[in-house]
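Next come the structures, one after another.
In the two complexes that follow, subunit A is the common piece, with subunit B as its partner first and subunit C second.
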Partner chain A sequence: MRIENPDSISKAPDGRPDRDQPAWREQFPIDWPTDDFRSRRDFTKLLGLTSLAFVVGQIWIVLLAFRRRMPLGLPEMEVASPDELAVGDSKIFDYPRAGATCVLTRVASDRFVAYGQKCTHLSCPVIPKPEKNCLQCPCHEGVFDLATGRPLSGPPRRPLPRLRLKVSDGRVFAVGIEEGVL
Partner chain B sequence: MAVPESHEFFLDPGRCIGCNACVQACSECDTHKGYSMIQLDILDRASSPQTIPVVCMHCDSPTCAEVCPADAIKRTGDGVVQSARKPRCIACNNCVLACPFGVPKMNTGMHLMMKCDMCYDRTSVGKKPMCASVCPSQALYYGTREDIGRLRPRSQPIHTFQFGGQEITTKVHLMVPRRPALFALDVGSAFRLAPAGDGGEDPLLAGMDGGALA
Partner chain C sequence: MNLPSFARSQRLTIVAAILAFVLVLVVLQLWLLTATMESFLAGSGAIVVPAALASLGCFALNFGLLHFFLRKLER
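And then the complex of A and B:
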């Protein structure tokens, strides 16, 4: 049983309508509009344009990478006031723009670390675990080193982007991003 | 682009003077690769100067495409049956043998069946086919039905042909005398009857009232 194709203009020799015709007539139609004919040139064009798209995509990725490496000139922002955090405490803040969530942790009385909170695996927010000296991602049990941001276990393979911090008079400022992109 | 529906091809063999201009012009169509796909049939030179230009009739149920084992012969949406697709044609000659009008030709050098495609590169952009544009007697006419009705008041176009048990309707029209009124040309009757020579009665029109050219 076939459905009527509006593009079908040729009649079968027996004169019966399309729906009474055998299935092979649908697969080998005479009418050009109902045929899926691809010429060699079309196929070559498809291959060529697809390859070109890949090349353009690669060049685009390279350009993006160059852009990332350029000094961004990020603003200096105060993220924690004096004695706001006890040792082992954390604070969530947005840096350098709203929505780019970062997490600041006081690992020692004179040492702070801050990382972008997006897990480098699938962008879940990571949770600092100072008692285990790591940051943990709850989604797929990814674990990052709290001191360096390097992945320790789980699916992530890239380190967390680390924020450059400046401490003066107990106040903590974010002044830039060391690696990666928020 | 498509062939405009208002324009149709009319074949009027009675006007053919056998000048071969169409044969020459056909080979100059851009898509015909320098080969002529029209043929000028000489009927019976001993008894008549009649010649008939043979162009593809562009059947509604193209026998050439029906018999093609390689699915190479295609008909465009506007009803023009194209030459065999080069990547598919296997040069088996089925279409050459099957066509009731004897249109497809095998180009043995190129292993490709080439046939009249109504100069699709020209007609699809609104131009006349090469043959119709050069025919001095307009035995090959490309234009509207109103125009040909005005120009040839004693003729009528038909596009139904009976080949034995096979009835064929075509996109190209054949001009036949208006009287006797004729709706289909029974080609097979020519073979069933005795050769015309006894009384001069046209075997093609036998059985119709009158039986003589108007």
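And then the complex of A and C:
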């Protein structure tokens, strides 16, 4: 049905004339007689597209999961030279690419750990606290276990990405990522 | 599928019911997506494929309801 002038047939649901209507009805006029399938149809299309978008998102996650299972062939990179770090010291470095900041900590004379430095809450850089055996995020007081990278307290719920290390002749090499996303 | 003819008010009620059902399914898909992403970022990939299949099933149901049922109802 084609309506030449929709305003001419606008009327409030209570049927009273315009001058008796509250002010808000003037601000939000609705053509009640034409309020039929049209707007529902648009809403229906929106729902259908939203549903499709969620499926696309799920498939995207599946592809990411498959890609994560494949060996990435990350490069081997020297991150600390002999005697560069005393026990309890830390060092910041980029691995496997520039901008992917990681932190290496010497927790014992023969033991090193390295994690991605981005907090898994909101990506603030975490700071190692070897004296407390943890890594701390100063933004929201998130705390991670220094030995495993698992969250101990605060907002983070996911562990820090942990780097695979190799020690050869006192030199420390990063050779891969054990889990998580840098 | 031949649907019986409904009065306009009956059709509106049926359409509203279908839209409510579809809306619930879309919210379920949103929950599935966020839960899957959370699990994936935590390092677990076990629920990724089942969640994708469940979401696909929801979409198929939505599509069936919206495309076939509503179209037939409009005739």
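The definition used in the following text is that the second predicted complex is superposed on the first by the 140 of 182 C-alpha atoms of A that agree within 3 Å, B and C clash if a C-alpha of one lies under 4 Å from a C-alpha of the other, contacts with A are read in each partner's own complex, and residues count from 1 in each chain.
As a working rule, a residue touches a chain if its C-beta (ideal position, glycine included) is under 8 Å from a C-beta of that chain, and two chains touch if they have at least 3 such contacts.
Given the structure is predicted, the values throughout are model-derived calculations rather than measurements.
Legend: residue contacts after superposition of the two complexes on their common chain; A:120 is shown touching subunit C, with no touch to subunit B. Contact with subunit B, but none with subunit C, is seen for A:28 once the two complexes are overlaid on the shared chain. Within the superposed three-chain model, A:138 lies out of touch with both subunit B and subunit C [touch as defined at top].
Greater residue coverage of subunit A by touch, when subunit B is weighed against subunit C, goes to C.
In the superposition on chain A, A:88 makes contact with neither subunit B nor subunit C. Of the two partner chains placed by superposition, A:75 touches none, neither subunit B nor subunit C.
In the superposition on chain A, A:12 makes contact with subunit B only, while subunit C stays out of contact range.
By the touch criterion defined above, A:170 reaches neither subunit B nor subunit C.
Once the two complexes are overlaid on the shared chain, A:40 sits against subunit B and subunit C alike. Shared contact residues of subunit A with subunit B and subunit C: 37, 40. Per the touch definition, subunit C reaches subunit A in the complex via residues 15, 19, 22-23, 25-26, 29-30, 32-33, 36-38, 40-43, 45, 48-49, 51-52, 55-56, 58-59, 62-63, 66-67, 70, 74.
On subunit A, the positions that touch subunit C within their shared complex are 37, 40, 43-44, 47-48, 50-52, 54-55, 57-59, 61-62, 64-65, 68-69, 120, 157-159, 179-181. Considering their complex, residues 60-63, 65-66, 71, 73-77, 79, 82, 85, 87, 166 of subunit B touch subunit A.
Within the complex formed with subunit B, the subunit A residues making contact are 7, 9-13, 28, 30-33, 35, 37, 39-40.
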